[in-house]
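Just dropping this structure here.
A, B and C are the chain letters, set down in written order, and residue numbers restart from 1 in every chain.
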Amino acid sequence: MIPYQYNLRSIWVRRVTAIITVLGVALVTAVLAAALMLAAGVKKSVSVGGQDDVAIIMRAGATGELESGVDESAVGLVLSQPGLAQENGKPIGGGEIVVVVALDKLGAIGFSNVNMRGYSDQSLKLRPNLKLVEGALPKPGTDEAMVGRGILGRFKGLTLGDQISVRKNRPLRIVGVFEDGGSGAESEIWADVVTVRAAFGRQSGVSVVRARLASAGGIEAFRAVIESDKRLGLKVKSEPDFLAAQSEGLSKFLTIMGFIVSLFFSLGAIIGATITMHAAVAHRTREIGTLRALGFSRYAILMGFLMEALVMTVTGGAIGLLAALALSSTKISMMNPATWSELVFALAPSTQAFVTAGLFSVGMGLLGGFLPAVRASRISPLAALRS
Amino acid sequence: MNLPGLAVRNIYRNPVRLALTVAGVAVALLTFVTLRTAVMSWDEAKNYTLKDRLVTRHKVTFVMDLPKNYADDVRDLKGADGKPLIRASTFLNWFGGKDPAHENDFFATIAADHTTFLTVYDEIKIPDDQLKAFNETRNGAVVGDLLAAKFNWKVGDNVTLESPIFGARENGEPWAFKIVGLYSTTSKAVDRLTFYFRWDYMNDGVRAEAKDRVGWIASRSVDAARAAEVTAAIDKRFDDADTQTLAQDEATFFQGFMGMVSSVLAIMSYLSYIILAILGLILANAISMSVRERTNEYASMKAIGFRAKTLASLILTESTLIALAGAIPGVILSYLIVDVALGDFLEYNLANFFPVFRVKFWTYAEAVAAATVIGLFAGIVPALTVARLNVVENLRRVA
Amino acid sequence: MSAEQSKSVGSAISIKGVVKEFTRGGQTLRVLDSLDLHVPEGSFEALMGPSGSGKSTLLNLIAGLDKPTSGEITVAGARLDKMSDAEITAWRAANVGIVFQSYNLLPVLTALENVELPLLLHKMTSAERKKRAQIALDIVGLSDRMGHYPRMLSGGQEQRVAIARAIVNDPKVIIGDEPTGDLDRNSADEILKLFEQLNRELGKTIIMVTHDPEAAERATVIRRLNKGVLA
């Protein structure tokens, strides 16, 4: 093998072009890593806090809470089934209603939809991480609401003490701000279930029923009971399963977009690496000839130049990953097509994102360095004798 | 021979590098044009909206509907002078239908009042005999010609849809439709991928509490210039009612809709700038390398008596020309791939998201201008290096 | 430039008390020490000396490529030590022709175009440029190689193109930096013959640095430089 110092010094000699190449690779790697961190952020924020022993009961054909509807009569029936955890002789669980309200965005044109959830005291028991960070909990039966910390201040009316109108002369007053361990609920407005049902004319039922199972393993038996009753037309999902499905579309979209964009972007970086390596080889024809004359094999030359390309792109990859990491606290607000509403989430650094983007930078080095390296390996030992 | 001529010859000196650079610039510009077009297409789609077409919906949320009598009230709305403000009006419902045979394909299913629908959406063209059949068939549906082609539907086909919003029909039967017509459009304001069926058929089948409710009301005002006045009049009409409305002209409605995609558009905008940065890096790399290899030539030209300024402009000419050399295939590539191939594909298959996906002339101009300016900037550092070149040292290095 | 016009009429190059120092790694090295040199117009002089004697430095000073630490340098009537870089550059374009050891032709230009290159610095029509370049190539005996690129020429031919380039502006002074250093004996002889011809027939003042005693013999005056001092 050629001593690695030989190739490292060559990079140093051509440092301007090498730095440019490193920067190009860094940009591409940062873009890919950021896209994957976005996708991971969606997944994380939507699925965080999902509990194995919480079941969501919804209409059979529905893919989300918004589409789903459960009749009032069915709610009691569902909660009376065996297999649910009990407290003071009553099952832990209750109906929740989910609607979206169109609110004007602050700091951007247009409006977007925000999830509004009508909840009961039962809902709070099913979300152990939810806690008030400012203001007060809405009093049951009033037109008071609380807003998730993620969405706070991003829409008109969504600040503590402000109000949003849902019905003539019946504005909802924002009295509290809550957090829920970074979950999707932090992108929602919560108000009393009775208030929301009244405001939206949904007296006949709720969107879904959430309930705590006596044990996580009991879900199959519970599902069998609910789903076997075709008249109910309901299905049962565990909370983690349900949440995973809610993030799937958006995170898939972001991942695919990230790859497509990065692929196009990487062509530029690969070409940059090729230009650099091509020049490195062209300039050292005589040196390479000498190395061959000294007895280094074609393979050794090929590997030497591939290593040289890899050192550059991996350095660029590392810089890109650091840049992406620096973005990791950035919050993004985006519409989640699965819920038709805005989701606020942070770019989440994940091992998978880093490994993928890192490997991508290695790939760029291999692709960019390959042709010049092959060219170098084909240089004849006679080149040492020519000037 | 002149100095620009020398710059041109220098460009051809290293064909491999030239080819790589041109390819790099072309691909970067293709990416730039694609991203810009995606961003602009939303803006562009707005140009197809009609200022005199008004949409009246529930003030708070799209998931809630309006009483059907609101549609009559809007239609009959009069101005302060007692003259009508609305010349045509219809009402529609989002059905959310899914075809079990095409589980993963999204398409819009809308229930529309067949008697008035075409007066508001006059861009929709249905052959007379098919329109007659639509009027005579209670479960009839007219389907966009592109959607029909996608699912291989023909006039006379029976289609059964499921609706998670409304469930099964009240009588327990499935939602069965008969395709009686295919529509095309004369404007991109309306997509050709929607499944329209009769509102009265939907109203028959929904549960009691959902009966006689409409999702939104679409109307044509008597005068496009009075859009603001008419929409205000509509909202005022229902201001005291339990359910309030938000009436907007189509352009404003569309603008508001942008809020739902604004973050995606912003990200695409950022990306389009990043690709320009990468473009700059490719050019800077190529030009700085070329100049570096030719250091002694520039030194001897300086020794002959060429001024620093002349040599610097020689290098800037070269870098700008390389950028242009890449910009031209980049624009051609963009036309073929984005405008022709991708544009057709998206407009036919994703018209709900990209009703228009065509590269604007300005985007091409922007791409060429960006490449030229970046080419010029990429040459600055090498040009300065050569301008400051120490002749003695660099001639020595050669000898 | 007229203010710097020298009184020393009859001398192409006049150097008085020139000192040149370089600072390398914190140490100051005196390469030329109070050097005086007078080259009359129409002289053909060879400058010899061991490596490091300062002969290339002296040549660079005469060509205006470098500036002295102190002392006066007058070449073709101009006080180089008092001129700005821009002035010297313009002066060089009109008054000096330089011939390098390694020819330094631009590989992308033909022989004719390489000779035309310095003329781009002067206002003239392209036809006139071409004519003058042809004449220069004719003088060096390469009128049949005008369309050839440097890579198609032998070393001696390349150097003759370089000489044509050096004389195309009709400068008073021609400076050669080891002009035969890269050439074989025969080619070197041809180049030296050309120098003699330029000196005799066109009256050019020529000063060249060389290692080669045989080349030096062809000059009318041989000067030896040792440790920054002329012998």
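Observations on the model:
By definition in this document, a contact is a pair of C-beta atoms (placed from the backbone, for glycine too) under 8 Å apart; a residue touches a chain by one contact, two chains touch by 3 or more.
All figures in this text were calculated on a predicted structure; none of them were measured in a lab.
Taking the mean of C-alpha positions as each chain's centre, the chain lying farthest from the centre of chain C is A. Every chain gets a centre from its CA atoms, and the centre nearest the mean of all protein CA atoms is that of B. Sorting all chain pairs by how many C-beta pairs they have in contact places A-B at the top. The mean-CA centres of chain A and chain C are about 70 angstrom from one another, to the nearest whole unit. Between the Cα centres of chain A and chain B there is a gap of 25 Å. Contact residues on chain B toward chain A in their complex (touch as defined above): 16-17, 20-21, 23-24, 27-28, 30-31, 34-35, 59-64, 96, 98, 162-165, 167, 209, 239-244, 255-264, 271, 274-275, 277-279, 281-282, 284-286, 288-289, 292-293. Residue ranges on chain A touching chain B, taken from their complex, read 14, 16-17, 20-21, 23-24, 27-28, 31, 59, 61-63, 66-69, 99-102, 104-105, 108-113, 165-168, 200-201, 204, 233, 261, 264-265, 267-269, 271-272, 274-276, 278-279, 283, 332-335, 342.
Looking at the complex, you find that chain B touches chain C at residues 1-3, 6, 9-10, 12-13, 296-297, 299-308, 310, 391-392, 395-396, 398-399. In the complex of the two chains, the chain C residues touching chain B come out as 56, 60, 63, 65-66, 86, 89-90, 92-94, 98, 100-102, 104, 106-109, 113, 116-118, 120-121, 126, 165, 177-178, 181.
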